[in-house]
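Each structure below is given as structure tokens.
Paired with subunit B in one complex and with subunit C in the other, subunit A is shared by the two complexes that follow.
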Partner chain A sequence: MDEQLIQTITKLVVEKLQTSENETKQEVPVTLYSREAKGVLTETSEEHKAAGEVTFHQTADQKPPGKKRQRLEPSPERTQEEELVTDLQAKTPARIAVGRAGSRPKTNTWLQFRLDHAAAVDAVYGEVPDELMNKLDLFQVSTRVKDKEEYIRRPDLGRKLSDEGKELIKKRCQSSPAVQIVVSNGLSAKAIEENAEDVYLSLVQSLNNGKVETGTSFYVDKGRVALMDEIGEILQPDVVILLIGERPGLVSAESLSAYLCYKPRIGTIEADRMVVSNIHKGGIPPVEAGAYLGTLIQKILKYEASGVSLVKREG
Partner chain B sequence: MAGFQSKQETIISAGIDIGTSTTKIIISRFSLMNTAGSTHVPRIEIVDKDILYRSPIFRTPLKDTLTIDTAGVEAIIRSEYEAAGVQSADIETGAVIITGETATKQNAREMVHHLSGEAGDFLVATAGPDLEGIIAAKGSGAYAYSVQTGKVTANIDIGGGTANIAVFKREKLLGTCTMHIGGRLIEFSEGAVQSISAPVRALLHQQGWTLKTGDAAAHPDIENVTSFMAESLARILAKKASPADAPLLLGHEPNWDGVVEVIMFSGGISECMYAQEAPAVTDISYSDIGIKLADALQENKALTDWAWIEPDETVRATVLGAGTQTTEISGATIQVASGELPVKNVPVYKFSFKEGLEEGYSRFEQSVKEAIDIYDSFQEGQNFVLYVADLPYMGFKDIQRLAQEITSVMELRHDPDQPMILVVQTDHAKVLGQTLHAMAARQSIICIDQINVDHGDYMDIGRALQSEVVPVVVKTLTFHSS
Partner chain C sequence: MNLKTTLGGEVYHFNNLKEVFAKANEEKSGDRLAGLAAETVQERIAAKTVLSDITLGEIRSHPFLPADEDEVSAIIEGDINEPIYSSMKNWSVAELREYILSNETGDRELKRISKGLNSEMIAAVTKLMSNLDLVHAANKVEILTTCNITIGHKGTLSSRLQPNHPTDNVDGMIASLKDGLSYGIGDALIGINPVDDSVESVKRLLHATHDFIDDWQIPTQNCVLAHVTTQMKAIQQGAPADMIFQSIAGTEAANRSFGISAELIAEANDLAKRHGTGTGPQRMYFETGQGSELSAEAHFGIDQLTLESRNYGFARHYDPYIVNTVVGFIGPEYLYNSKQVIRAGLEDHFMGKMHGIPMGVDICYTNHIKADQNDIEDLGVLLTAAGVNFIIATPMGDDCMLNYQSMSYHDVATLNQTLGKTPAPDFLKWLEKMGVYENGHLGPNAGRISLFS
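Up next, the complex of A and B:
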């Protein structure tokens, strides 16, 4: 869809909304509850008291003084249901069996949810510290995206390197290496900050052990997965591995993915890409992921294929 | 879409149970599959177990009352493999379990020596009484019943020589106990008592009963003995052992917490109760107290207070457990020097980093020295498995440090050229193995993870499979905490 069309449609929708608001609203009868009284109704006669008499009402529930709120201590003998709930909770990071207060979540559950959501937003808008890049000896290039807002709105721009970026990698990177490692913040700078070092070092070690030649690694700010096609076109490596921050969720905001592709070039189809996801503290440990990725790359090189083609060739 | 289906790999497992009275074989096929999603690091699990062949029940060939006729067992195994249509080379995992009174060191050693070539490349286990109980509970269905219902379930496997009790609550083993209760403890010949085993003689002496060899098979003391065994079992299950029970107790007293809710009987005596097998299979005249013992157990008042659940398997519970429940699969990301596998019967030394890495390293050398003293006390170069447990969150630098420490302590072994065998509790085997490799460790490295072992266990590690995992048999001598 081109931008012109999107704008026209948006305008239409907004106009429509505005006109409908101005129209006199027709009330649709909705019966949420019966308007008829139900149950036994008793009428109490009003007490007649002296005029002007002042009565005091308690407006808030008062706790008896000196008595602290009793906490429920877990009884030593847990019931079977409680055990079952703990067993089930241990099997998933999802918020299950958290209870409720009326029709709403409990305050703690709600606050935790807000906290996790905020962490996810922070991960998207955060920045990867320069020290990390220096430590791993990565130079930095950028995509055609100007800022975060544009990055979110225009995925296509995140798939292309800026002109300076192209020049820089042409100049600084080794041409046609066996493996090209690229790191990018993607949708979670936090993922890179927490995991990239361990994955990277472990991956490099694993490739060295296997005597696989690696090119000059670099960092791309605000990249998207398919950026590897352009990089492949420019540097002509056999394999590109892109370590990129995953879209944050409510379970983890710092999960890293490694995308791999054998000879990615402009026009590479998605089925030829493969991914190892869920790399973070609570998923696969970053160090172990790096070691595994190293052997996976060796497999890709051996079969000269990745993604679905690799599965087919392996037989 | 055929290309998208997860590949399945199958391995053939053999279970052989050589008991005091009977020997049986079971051949099964395990299907292994990657159960992780396609975007995840693989996780290989056993997804299916098919039983391919059940042998008839054979009398255990014996040379004398306690010595197994190894050649006889071998002949049975060979003929049964033929009947099952498998070659010994096909067998990739499984266990030979020598149980009951024949589970002596000498028999075990003989058997290990003989069978490794003949029976296939599989993992020979000589079970202690505790492990026997656990394996039987898994084979009889008691374990599955407890997992399903959450009830504290005791499996009592009674064969010719011993009764092995294992108590489970859900997946958790609560405890075990072994007693001298079995069919063969008194044997008859031509209507007269032919032999009385030592524990029963002790019991007779203690109770002042006069039964002796040569007495009639209908001697009233025989019923005294069987009812006493039933009563004693009831007391043990209720954890109310009295000093009078001492002659029948083998090893430790009951050690489980909690109250047994449900009991299940397996083993030969259970077959006398439930008669699940086709008559042709069990039509062996045992001429011992087996049937009387089964009757005594069924009539005992105290025992009937528990809920009795009929087992899925009676006499074959142990062999089924040995054949299908003893093999574990390692994590999928591991580092093994294939030339060094399989390794058999290596003791496990657990080292915990619970107190933190630095604190751990400060005790590391001393602890490993101790391990070497324990497992290689004759300085023959007996290797051991170093089980690295309770690691905190590890960065790459932490792994490098750990690898360095491991390389240096491994030099302390009397034969430092032996492979380093490491089991990591957490998912770190591949990176640790690769780091050791990168440091140019001179020994070959076997580094696996995600296996449930503990201090004092013995381990067999099989050859690497196609899916790059290794089958492992852990012989538990102590209890797992979980």
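Up next, the complex of A and C:
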């Protein structure tokens, strides 16, 4: 996405948010829906196949040839009931109105589910390409985690920077900024690859518009949420915002979360963190999310609190 | 108190009761992460052996977290019935296990001893029980609770309909809600996890579910699972909530990290009584799960099963309508694979029932844990056989908001049909009227989402 468009949208969203100051949040329009990113299981023409036989189109990166999932393709002579079903399905990514065989799911529905789970499992391991870091001008530091297996089993190590990492951020980052932005792959490198650029740019734009000072952003490999505390301790910012890859789900293996906290320090309690989750093209669109996060940070700065403390302060 | 045993010529000596408790657990990655787990399989059995001879009196007089230092401990201690406790205080944990399993011991007897047991005693006996012990014993207990309708009867399996949506879109949520109802889901409640924890968003979802329930005259209850303070605010602003939900933990410090205290929960319960839309008498809903105290760095060197048991001791103080463990959600660092999730699911359900609370389970797994849908279908069968009060169901088992997998709408109907159970009586009548159920299983209108238009 080009920067100008991000600027325009950011401005629009920020204005919208400001005009409805008492409304806590706009209902973000749903962007629908394709699970195409993860390959689509399609039935081949039934007349050539024995009953129950299915074919996989394992299309991790390419769209299936010509045809979307059957249910998304209405035929002209649909009954009223079919139309209603299609309308309802269009309102949610949930796997609704999938039919049944007795009390069990249909074969194709079941296999589609298994395929999506397989894709999500495979997405847990992955690396963020260096080009993206260069493009966003983020330098990289590591945590105390050695490899992915250790990352999974030892969350405590993912909550602490390596010694070199600590030195590096001390050396390269501005101290005591209003806002410190941190990016981390977390459990989905794909989430960073797909969303970090849009969220990051619109967030920075939104903060610039509000004349909020941002520090020196950086990227942490294999980080956990509570890493914010140590970073807060070292750099002493007013607010830390951590953009981190969520555990992959079936609808999306590329969902990003933004964690925010006012003055996170060692010992900060979870209830003082805030999270905006489900940032991806099928959930909260990344550019809108960035703009929204910018206004949220301004609110945190205004009330000098986040999470449950913010709710209390707001009264 | 004896903390030593000799097995196969080797002497095992434990430093304190806390260590015996931790090492007597079945293998859990969370106990290992905390540095508390048995080093070898034989050491685990040695710990179980030592534990089996410890008396209930010894457990009570050696608290892991004293009542004057922790309000959860204080609540559990304060709720013990002294005459019942006195009648059992000289029992060993082995004797407690055998009493629970005895054919002379039924629902009434178990409910009675429950009043004299603290959460540590219940955790202790759980550590000595096999998976089938846990299924068999839990199935003896029938816990009925009422919010708008009554659930928990023997021979029923209820469910929470969880029509989550990734942007809290009301139309999308309702679409998923209709689908679930068409499979007979939702007698325990219609409960939504909101993405946006704001009061406005919570109010919107409460109104939407409440209106839908009214329009279709559905015998059930609603809930939006935001933070308790957000729900309270929504109710104060006039939103219709049949119950109030909160995630809880087994220590005061862990609860504090969730932004709650005993006082706040009592306040919420009182608010629900005066301003909630539920009939009651039960109006609270709690979620738990092994490992949350360690995750919040508030576990005090206590093993995760014992801490989980303390959740139920805390919960029962508030006479909840429902409680469930979210057993596979926390991740592989606490429960590594399907074997550990299945064990924990059976333990949590049994411990809940032994506390006399209406125990349900969110039978689930995440995508970074070594488990798949087949594994949780297994646990679904086991828990249905164990008489679980309710389980959670999502469309095709895929929660498109929380990004994990639970049981599906189909699964609940199948468990009911296969194991000869039904939804709660009031709800079943409504399902039969709607043609969703017929002769005890899915009827002609089942799976027809267009039914609600």
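Criterion: the second predicted complex is superposed on the first by the 220 of 315 C-alpha atoms of A that agree within 3 Å, B and C clash if a C-alpha of one lies under 4 Å from a C-alpha of the other, contacts with A are read in each partner's own complex, and residues count from 1 in each chain.
Everything that follows uses one rule, which is that a residue touches a chain if its C-beta (ideal position, glycine included) is under 8 Å from a C-beta of that chain, and two chains touch if they have at least 3 such contacts.
Note that the structure is a prediction, hence the values are computed from the model and not measured.
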Touching partner for A:E246 - first (subunit B), second (subunit C), both, neither: second
In the superposition, subunit B vs subunit C on subunit A residues touched: C
Contacts of A:V311 with subunit B and subunit C, given as first, second, both or neither: both
Partner chain(s) touched by A:I266 [first = subunit B, second = subunit C, both, neither]: neither
Partner chain(s) touched by A:L84 [first = subunit B, second = subunit C, both, neither]: both
Touching partner for A:S202 - first (subunit B), second (subunit C), both, neither: first
Which superposed partner A:S103 touches (first subunit B, second subunit C, both, neither): second
First, second, both or neither for A:H117, with subunit B first and subunit C second: second
Partner chain(s) touched by A:E288 [first = subunit B, second = subunit C, both, neither]: first
Contact residues of subunit A, present in both the subunit B and the subunit C interface: 84, 277-278, 284, 308, 311-312
Residue numbers on subunit A that touch subunit C, as the complex places them: 23-25, 27-30, 81, 84-85, 88-89, 91-100, 102-105, 109, 113-114, 116-117, 120-121, 123-124, 152-156, 187, 246-253, 255, 269-272, 277-278, 282-284, 307-308, 311-312
Residue ranges of subunit C touching subunit A (in the complex, touch as defined): 29, 33, 163-169, 171-176, 178-179, 195-196, 198-201, 204, 227, 229-230, 233, 256-260, 295-296, 331-333, 336, 366-368, 372-373, 394-405, 408, 410, 413-414, 417, 441-442, 446-450, 453
Residues on subunit A engaged by subunit B in the complex (per definition of touch): 80, 83-84, 87, 197-198, 201-202, 205-206, 208-209, 257, 275-278, 281, 284-292, 294-295, 308, 311-312
Partner subunit A, residues of subunit B touching it in the complex: 3-4, 39-41, 150, 170, 333, 335, 393-396, 399, 426-431, 433-435, 437-438
